[in-house]
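So the structure is just underneath, and the comments pick up after that.
Note that the chains take the letters A, B, C and D in the order they are written out, and that residue 1 is the start of every chain.
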């Protein structure tokens, strides 16, 4: 029953999105984004099963690679900003506004 | 294909480039070059106009070049009678304005030596002026509606800089207001221009080919609205007039002349040519509301003018009143009124030009635009006072001066118009005639407080006009009196194209005189 | 035993891409191997040459008339006329942006060093700046090329990331105002990642509906599928979120002002021009190619987005006090105008080509004007960096009349005043929109007209803030100690000159550019 | 064939063909004097006089040429040029009516020009004065000679302008500037009527040329409306009720101006208009004609009453002018029977009133420009010529038998009593009042004790001033008899204005005539008692309510002020306020509103990345919702 997987995927995606909105720590926020990506992966794999071709599964691999690249870039940025501000809270970075 | 109009348009812009490229410190040369170029354009226009055949084709000196084939846009120029006289008005005013503005960018000092405006870039001012001249010629000469639109909007920019950089204390407010008001109207017109192109489906913007292209009455009304609002703002018609007093009051006198004398005419010119001919059914349907607005403008502008304390604002409000007459004449659907309106456009340019410039000379001496700061100028500067008075009298349409003929034709044409029954238009003409009284009040009230009475202390050191100022005002006064007594040359040129317009609108025009039915 | 068929790669067609990516990889190697003092000397010509070369390769394809009519690289990429046009535009834009980047002083010496620390001083004194900027830019440009040319959604996602990731980093590399720069970087990154997750989830949904991620495949599935699956609708919406985020349409515009303000100005220029061009290209491809059979469903939604974007961008820009932030909002408004063009779809290919031409033309002229405007911004400086605050621009017209004049001209072009390129851009999309609205039986007719009117009102409001800057520059008295006007490098001069020439030239005679756009659009997107 | 108006014949040759020179001469004079300015200071006044005389010469020659034509040929049109193509051809109409006016204008005008040489000799702007006088003559001639309403109107406004310039000639006096403006503005109210009248004429008849309009015999609502509108115009120019208020203030101008413009010529333009339009819009017995007569009767009384209370000699004469023009209007409202008398009175009045005004000017000239009659007294011995000429004028105006005024005024009164008895008897009453106030003026000025200040040295004026006075008084003496007896003027004018069905015969002993004489005698006697025999206080006494009423010009100004000026000022203020705060307020408010919403909206951009993420999420939700919604429709 692929529906269950889809629901799980949706839940994961929603949890990730809520995490982005709620959490302050940049690392955690970033992890939540990764969670959303993984929710996508789950959906791809499920759909792949449902529609009966392998594309979805292949996409999942691509996504993983992209996610890894994103981690590299993301962590670099977060680390730099942490070094300057001594804080990893996304809310602290709000000089740019209005 | 006639090269005249492209040449006329090219000369000033080339002149502008030359002026802009002159080396630093050659201010005087810049002025001389500008004057020379503008005079050359005047002469060229004169030669061209001499070849105009009033009974010939509607559009003459036609030139058409492909410009943007992808959009179906042509560089199409040509003039009919109305356009020709307006082009002539523009090229006559430019050299006069050049002379009048001779020292405007140098830093203006009053008679007692206080600096009113600081020194600014002379070259920029005069090259803007020449660029503006090209655009003024272009906007009247364009037979391609897209080209018309391009000039219609692009004209705003040099004027914007002339007001904003060279104007009075509130100049940036006035300049921005002017620009945004006009731009807003222009953009609505852009939508209508596109709509016209799309709905007509003829893949061209050439005006003659678009006449009668839109048949659907509802669509006509929408498109008419787009054009009309733009022109009403430009003209300006009550209630979208409030930019004009600010802009005219803050602009240097020369720029104010071009603004009120020429740029605003584009609005009424556009109504006459585009609103009427492209959307005749809508124009007829909206005649009464528009004439009502025009009458409100006439009376309201006059009343508000009476209450002004600033000379230039006062003149601006009188223009609002006069534009009301022009709009009324355009929409009265009678050839007398329409000829009168077209003639009014020219005459108003001369009359208001003279008034603005004379006021400008006064202001340059005193450093204040406020009427209350003057008094008794007649005593110390009688010639200047005389010019001011004559210009004022032209402003109140004194018979014998040019504006009278046009105002008379507009009113009598409106009164006798057979369109819409005659009731509404007749009433409009009668109400508008009240303006002859109000005009006397606002002009003479200003004259009384500035020229007459005991000479005010700050006015005493005034010098009378110098040669340059005479050369500015005398030609205008000569034109005002000349066309006041002998308007035929203008009317002969205007009448055929007005007939054509009315034919396209579908108003029967047996003769210029719809002879009365008798009683 | 199944054999995997060897993929066919049309190297000739893909050559521009390959050149850019190849140069980027060489750039990385240079970073790794070349001594510090040599790096810039190698990077600069390498980058410029590769971009110029790629552009030449695009030209060759076009001039030889070899524009491919089928998808390349096993259906992953569509190097069709519009793609080539967009590529050409992006390559030119990035070339001039690189000239700006090349100017001294925009980039931090060591991004990792804490501002004001000994590390930073040391890095400063070592000189050279961050030379990895060049390969990063090349990667980003590669992504930009890939993005609008993607023929399937997976490719598009990958392209999106390839384009975005280097930009996230580049945003954080400003030499002055490091905190702002880093903040911009982080915000861009987090929000970009967030939105690309949406995009990806959208892809998943569409895949679930259509069983394929190939754009024509999706379209065919739409034609077949009778019932409108909620799955599809959600997928569509989420795809839209990702794309709208990239072009900065409301309500997904929030990142734009912050990022544009914080990023080093040459990078802002690149984002405002190249990224926007690429993203709009991708939007067109997704909506026209992938969802062409569903236009009755997405057009109302995009109508709302477009209207909101134009209004929000214009209104919010009015009260901005920072020049870059103002230009960011202006960019939001322009994204809205572009969406008006995106909505102008028709029944017939010929008419669609007209709309496509309009959008392509708009992209080209807007992009180049934008780069020019930002180039001017880089020249007006305070001791602490660029003089961002508008009050510092007061009286610039007296201090530096040429510069202020040029900038004023760019602003007028943004405002769409006739006789500038911007006017024709705006005209083109509005005309396309109105035309699409008058198709027989098109119930969007009145709506399209209304959208154009909204656009016109927004233009009028937008004109206000462009004009406000002109007022400041020309009609205000200069403050006592105004900003210094940096002596521009040859590169910057070239950038400004090229932008000005194009803006003026196209403003006077748009036909040449329109002709190119027309040729490009005529072949339409490969379906 | 009721009206007997002759057809107009085209005319090209002869002096009449050159009659445009009449207008051109003074116009050139004005042009030269104004344009060449200071260079003409030394001889400018001579040029002015010469131009006026040249014009007079042309008028005389044209007159004789016209008389040479048979009666039915005496309307000659001279086409000049096409003015408004298809609508108005500018041309001159030389007929008995217009040539009479032309002779009066150029004749009296020339005398006044000559007089002014002396009167203005000390004024540094004498040259400009002559320029304006010439301008006036040119405009006035255009007014009366034009063959269409538009030409008439141009002249009409031209004289208004000249009047404006001349009233305000001493513009450095605020009172003069105000008076000039007032005159112009009040006249414009009349012009409004004339303009709308022209609209109606054009719309109804399709022409504005006198020659193309057809005489009517019976009135219809349209012609009544036209008539009333033209009457409004006439009231403005001729200072008739209710537009009379400007004339008294107009005395701020130099005295020759008052004589020429505000007595002899310009103010009679209204009469000319009515008579000229008479056949078309004021047929005998019509409502329009009755309105004219009523206005005339009312004004003749009002003017006379005002004249009684004025101590300013010029204002007294101005009141008298109003009153006398009232008589002319009354005559003009009586149809062809009255026209000849109206015009006759107009001509004789031109002479004797000019005589009186110039006499007053001569007095003022000798009295340091003092105008208050209470500061005069006993001047007859010091200024014998002035006194003599003034006295002749006085006798003429009160209708002393056999002098000019006697014939012409009596003609009007008798015709009026015959046609409109009530109005006629009012005119008789007016004559009595005239007898009083004119006698009062003469007694206060020339009789009694001297009351002038010590620094005044009354002396006779130079001959350049007195000779015109003498010539004018000759006209005041005999012109009336010449014109009226044996209906000379009536028959002369007939081709232009038509003739009554029966020719009037002049009776020296008719009832109204005798009544008039009696009343005049009573008035004069009363004046003798109050001002001749009794001591005249040199300070104005308080006077009764009636005196105040008359001194305040019958509260005309107060009425205008409270009815028009103050509400007008309020309206203006209101409109300015509305424009600045209302319309511009909306515009600026809109701008401020957009700016304000921008200021508030930008607060949404909090700078927190998580808020931005929220906005993305909300956007995603909205987009999804929208698509699902659309998908389900």
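Assume a contact is a pair of C-beta atoms (placed from the backbone, for glycine too) under 8 Å apart; a residue touches a chain by one contact, two chains touch by 3 or more.
If you want to know which protein each chain is, UniProt gives these names: A = NADH-quinone oxidoreductase subunit K; B = NADH-quinone oxidoreductase subunit M; C = NADH-quinone oxidoreductase subunit N.
For clarity, every value in this text was computed on a predicted model and none was experimentally measured.
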Chain with the smallest distance from its CA centroid to the overall CA centroid? B
With centres defined as the mean C-alpha position, give me the chain B-chain D separation in Å. 36
Can you check how far apart chain A and chain D are, centre to centre, with Cα atoms defining each centre and the answer in Å? 95
Any idea how many Å lie between the Cα centroids of chain C and chain D? 78
Distance between the CA centroids of chain A and chain B (whole Å) is 64
Junction residues of chain D - those touching two or more other chains: 591, 602, 605, 607, 609, 613
Residues in chain B with touches to at least two other chains are numbered 180
Quick check: what residues of chain C touch more than one other chain, meaning two or more? 186-187, 190, 194, 198, 257-258, 464
Pull out all the chain pairs that touch, please. A-C, A-D, B-C, B-D, C-D
Quick check: in the complex, which residue numbers of chain C touch chain A? 111-112, 114-115, 154, 157-158, 161, 165, 168-169, 172, 178-180, 182-187, 189-190, 193-194, 197-198, 200-201, 203-205, 207-208, 211-213, 257-258, 261-262
Going by the contact rule at the top, pick out the chain B residues touching chain C in the complex. 66-71, 121, 124, 149-154, 156-157, 160-161, 164-165, 171-172, 175-176, 179-180, 183-184, 187-188, 190-191, 194-195, 197-199, 222
List of chain D residues in touch with chain B within their complex: 34, 37, 81-87, 128, 139, 150, 153-154, 156-158, 161, 164, 168, 171-174, 176-178, 180-181, 184-185, 188-189, 191-192, 195-196, 198-200, 202-207, 220, 222-223, 568, 571-573, 575-576, 579, 583-584, 587, 591
Chain C residues touching chain D - in the complex, by the definition given at the top: 186-187, 190-191, 194-195, 198, 228, 230, 233-234, 236-238, 240-241, 244-245, 250-252, 254-255, 257-258, 296-298, 300-301, 304-305, 312, 315-320, 461, 464
For the complex, which residues does chain A have touching chain D? 17, 20-22, 24, 29, 90-91, 93-98
